[in-house]
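Common to both upcoming complexes is chain A, partnered first by chain B, then by chain C.
Up next is the complex of A and B:
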């Protein structure tokens, strides 16, 4: 090659490299850009016990049921099932007919690298996999004690050298290729909700066998998107699943969602590609949103005052075409105690801590006064929440707190060891931690704030190596049982009861309530249990949050939701509007 | 008959005189002195003992009564800056001491014994220094958990390589000098020759290195805290700057300004002082 040619080549490649560095947005491409505010633990449905992993998993995997995208209150509709199940009169047997022609995504784990059809036996396998004690599934609590013979199968197989998946379990059977039957151990009306949760999503035996421990990084489901590569980076890119079945955007909606029907009847998913930006810190995400690089994001606490006034968007944001969505969330924030530590068996100590915590101030500082103070664990909107109830131990009542602490045996905090307070890793969390520490200092309780990245924080809770820790719980399904079970003894870590609270009386009444059908009696029972937990101060319940979400004018069909982990498939981008709006940026 | 012995000035003494005689370095010395004094007074609880108390509403701008305004919890930013001096000075001193201890010991052993031991130590520190230090800091902070102790250790164990190299070279030079041969002739042990004879003759290097490590440590603490790996539970300039990355969007600039200013002044003062000390202590520069 002549010198001139070499120079030319060098220059051309330099140009190529440089042009690669400046990323320009192509408004014509139907790409959805969203944020995950926490790192993803991996893609194994049976381990999806946090919201953020659950959302990612739901892009790839699916279950028998799902929530109707455009109906409120939440309504279960069939997904991989052809229709809602036939339920026997005694409420014990549930028979599902499966949708035909649903295929797993193509992968080398299958014969000919082509995804095969989903059968009833795949669901049986997936349920057993959730129950297999060798997998230490964090989602086992949803089925623990619920299906006939499943606990016995789990017990028996934990003692064998290898789990025998071929052994039949009465509670979950494939009657034929497309018929699946569940038999419950006892009546449990919430059972159907668990079939819409990531834990019970269907996985293929071949894929689990092929990837073994690496299965968590090789998700192959039946869902609308596929994940070509997962490398725990800061950006996760999904592309449309080319073999996705015929699934259509709903044509019915409840009144508040009637305006979201413009895509009715269109084949899902509506966008070609989804890019999830893992951004733990709110500021970079907010800046990206303002540059139009992210399609929606919740308003960070520090930008609230400038972005929103009297629940209305600022003029500047309106000019850019932003739309504000406000919706109460089915959640509760709380500071939990690890009851494995005998120190926290002292009820008066817990009550003293709650009395010393200035909830109103915390609401102002961290939620811009938009959250509802939580008097108990069950949020408004779910039967079991007691309207106008005031928890007698909710702060700030400083004098009472001091008195209570003295009664607990630690006057002025004397004799009390320094308590470790674990929080997830981010600046707002650290500030909240510092605030809590300051509050406790008022009555002489010394705290040490320890922050860790989200997966590590969760691992610590599962290993019971925490003392007290700050957390939020979002509903998995719209039933009080989902909140009360956080303190149900048998759900101890690694289950959802990270507090490891175990009270025989509560456990007994909880089981009684959860086997009842929805009725005023059941609601009364839920209320009783709710009040009991509140006054025992099993945790310091903080607030029920409201979502303040800012979406771009070009995003279609979006609404804030607690339970639709699979929301992404319904979202659409109006590319023409995007091109037009981006000119204002 | 009595003879009067005229005491000659020690190296340190003459260096100190030289530093004081220059206006700029004198100011730097005084500033450093003030920071140390503030640190001592805050740790004794005389200054800024109630930094954790609320003095007003959250995010009050600077005014004549609250000189640097207030933070999220309504605490005085000025008090926090003062209290954080303690953290910064403690980190500076402890980290420098750890780094000098490791660097000097390794450097002296390598330079004095030579041969295989030297090769081993050189191999170790070249390998060690090839790891990007910020990655190493993060890794150590993850293993040890967070807290002041972690910052001490992680910064200490990552900042000794430069000194180790210098000390090694210097000891190699000194071990061939007459005074070491003389000590050898009267049967001094290795450790006596190293500690009693060679160490005092290379001590100026340690003093210069101290000033350099000190301000590097102060700066690194800020980076660690900004990454969420730093000091927890007491104010530090790093966590204050970390807070301000959120606060800037609501127009709260005073916490950032105060912490940066405090840091800027001590780092600058230490740099000037370090230069002056090097000029005064380095025998090669003597008389220039």
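Up next is the complex of A and C:
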């Protein structure tokens, strides 16, 4: 009896302890809980070359322009600029008027620890900082060769003992306190997109000077949120910026976003606090989403079959009030040839390989059949993508592939050396590599799959030491130029054209198209170039992926997006609905 | 030999060992590891930028100079700044040590106490049901991959039963407690099999010695036989196993920290490896090597305490 009592006491105490091991959610708090599936590199805008760092940086820093939250196709609108720029007739000079009264967040770097007003000279400094070779900016490519005198300034200063930021550069000038002028080295209409990218966000000279090397961990911008502490940890907590200017939720929307107008005209940001959980592994993030501890998350590959059937949510998830958002991504997966290798100048060989590849099976195996087969390089949603176009060489057409390989001079693969297929080192990449290897075996082409860690893979491509290689490209901005440039001759490795494809005719027409302003004529040119690359089979285009995101019923104004790095300021929590829905969890 | 002289002499071994460790990490970093410039500069890096970064990081210096820089770091403990996060490495270590130790510390104590106690128990009841039961449990613990145990634990105990937090961490006592209980419990199970089997073998080896039979025939109680004689005489291999684990406590648990989103040193090392962040990798390797040497000396000293027959030479 005594033993039983002891056991009972121990069990009750254990239960009491366990019940105190979890934290209860407060549904009344306007706190947004989101996941970053990758570690955050830090908060220096000029180093924001990955999507996840870009998203975090955009909570704190801002640029001249931004994408309209409720309009598709993507539309640039002013952010720290008062209006869109005045562009000279020759398309070379862009003059911006700045919004007045925008302040940097309070910090000890400023006099009296109070953030001062943003001026045109801050933008000049920020652009020069991006160009300063001492900063090793990952974002330098957006302005490399674009602004008059900036490359020369960079080159000259790299040889000096210290960078001279006071030296004037013709391409970027503060005409007065609120007027900023850019002069392009040559016509480049895509320039405006670079002003909506995190690389060109404005920073304050005093803050950079104060924190030196550790500036990357002390973000002080003009944005909607402040970050009191950043310790490179797994939980990043932002709070509303008390000095944030008057910025309001948009009142206009494209048809597909008309249902997101309930907060129109409200002052931004809409939630008090944002907690970002850095969770590299999808399983715990998925469990947290299902417990209501995070507000939205993409459906992990391993949970897809149980969560979604025929593009509809399972009954269990519907009961919990989840909403499924499906959105095409501005990207393309592809297998590239290294054209420095003469073997791949054989067009029929490239076509045979494409015809032998079972894209439908690959889509089922690796994308749960959710992706769009890519017929060409430009994804849907970007001018230049040809609706209903079917690439005549896209597989699976096995007999045609065998015939084409024979015409290429390698009947049944005879005489063809083993081809190295380089891929980044990850389980899905390896599986996809092995699948591709088996597909090619069907027509007698032997491949050797070589996987390397990402930096090594990248180095191999840059050093042109690959034969064929698999990768994906996501849009930096919504313009076909960003995709077509992957095959533009002067961009050869170590540039973005890792294929080293160099066709004078394509190069000429590429330059013509990319210097034109947005117009039906330009779209026609883009379409022509897109079709040319597709039928030349310069690469084996795989799929354009789609995002499958689950959001809770209490989350307001959300839609999946590739380019709105600053999306968080528009999101809201319906606290009453949250309290009600959480009862079902 | 004088104890202090012995310790001093053993600590002198640190010098050649650190030279060796530096050589190994230097060779691995320069010959095997990918070039960090490609990670740090992103997908649009030009050859000029890569060369500039190599220069800034000192990667274009002669190998011997780079090696001597590494050796200097090892002896001064001045690890500098992380290439990726630009943080002072000592600050990073200080920030990560707390979360790591908040799991590995209690885990070490609990799992050692449990496995030694169970090993004593099953050794005493050798061949009986309890022995077989613990053996089966140990084999189960050893056979199931730790990843499967973590995934199941998170799903069942945290998600289904709601007893624990699924993942996350909050700094400061007692804020971190809700986040570390589940990983500790799961890892006690993961380590239990191997440790218990090892301690059982060690204890059984002693339990069948002649002096134990003599003790029993003298009429000593089983308690005294097991604790005063068997356990005491088994302490050399037990101590070795226990102390050698201490330096790795600091390194944290890579898998647990990744799956439970704990900002410890294990997660920091994984991140450093992914970013080819050589200064961080170098710092952690040097500190580990130093820790292992230090705790090896401690083990030797403790041998003389638990077994007076042993002499330090």
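As a convention for this text, the second predicted complex is superposed on the first by the 382 of 585 C-alpha atoms of A that agree within 3 Å, B and C clash if a C-alpha of one lies under 4 Å from a C-alpha of the other, contacts with A are read in each partner's own complex, and residues count from 1 in each chain.
By definition in this document, a residue touches a chain if its C-beta (ideal position, glycine included) is under 8 Å from a C-beta of that chain, and two chains touch if they have at least 3 such contacts.
This is a predicted model, so every value here is computed, not measured.
**Q** Where does A:235 make contact in the superposed view: on chain B (first), on chain C (second), on both, or on neither?
**A** After superposing on A, A:235 lies in contact with chain C but is clear of chain B.
**Q** Between chain B and chain C, point out the one touching more chain A residues.
**A** Of chain B and chain C, more residues of chain A lie in contact with C.
**Q** Just checking: does A:431 make contact with chain B only, chain C only, both, or neither of them? Give me first, second, both or neither.
**A** First partner only, chain B.
**Q** Touch check for A:495: first (chain B), second (chain C), both, or neither?
**A** second
**Q** After superposition on the shared chain, which partner residues are touched by A:140: those of chain B (first), chain C (second), both, or neither?
**A** Only chain C is touched by A:140; chain B is not.
**Q** Touching A:283 in the superposition: chain B (first), chain C (second), both, neither?
**A** both
**Q** With the two complexes superposed on chain A, say which partner A:511 touches: chain B (first), chain C (second), both, or neither.
**A** A:511: touches no partner chain.
**Q** Look at A:451 in the shared chain and tell me whether it touches chain B only, chain C only, both, or neither; answer first, second, both or neither.
**A** A:451 contacts chain B only, not chain C.
**Q** Which parts of chain A are in contact with chain B and also with chain C?
**A** On chain A, the residues that contact chain B in one structure and chain C in the other are 281, 283.
**Q** List the residues on chain A that touch chain C in their complex, please.
**A** Where chain A meets chain C, its residues are 18-23, 39, 41-42, 49-50, 133-134, 136, 138-141, 144, 158, 213-217, 231-235, 277-281, 283-284, 287-288, 290-291, 293, 452-456, 458-459, 462, 494-496.
**Q** Tell me, which parts of chain A touch chain B in their complex?
**A** Listed in rising order, the residues of chain A that touch chain B are 281-283, 286, 300-303, 305-306, 365, 425-428, 430-431, 434-435, 437-438, 441, 448-451.
**Q** Can you check the complex and tell me which residues of chain B touch chain A?
**A** Those residues of chain B that touch chain A are 52, 58, 72-73, 145-146, 228, 232-233, 239, 242-243, 245-247, 249-251.
**Q** In their shared complex, at which residues does chain C touch chain A?
**A** 34-36, 38-47, 49-50, 52-53, 56, 81, 84-88, 92, 95, 151, 154-155, 158-159, 162-171, 177-178, 181-182, 258-263, 267, 271, 276
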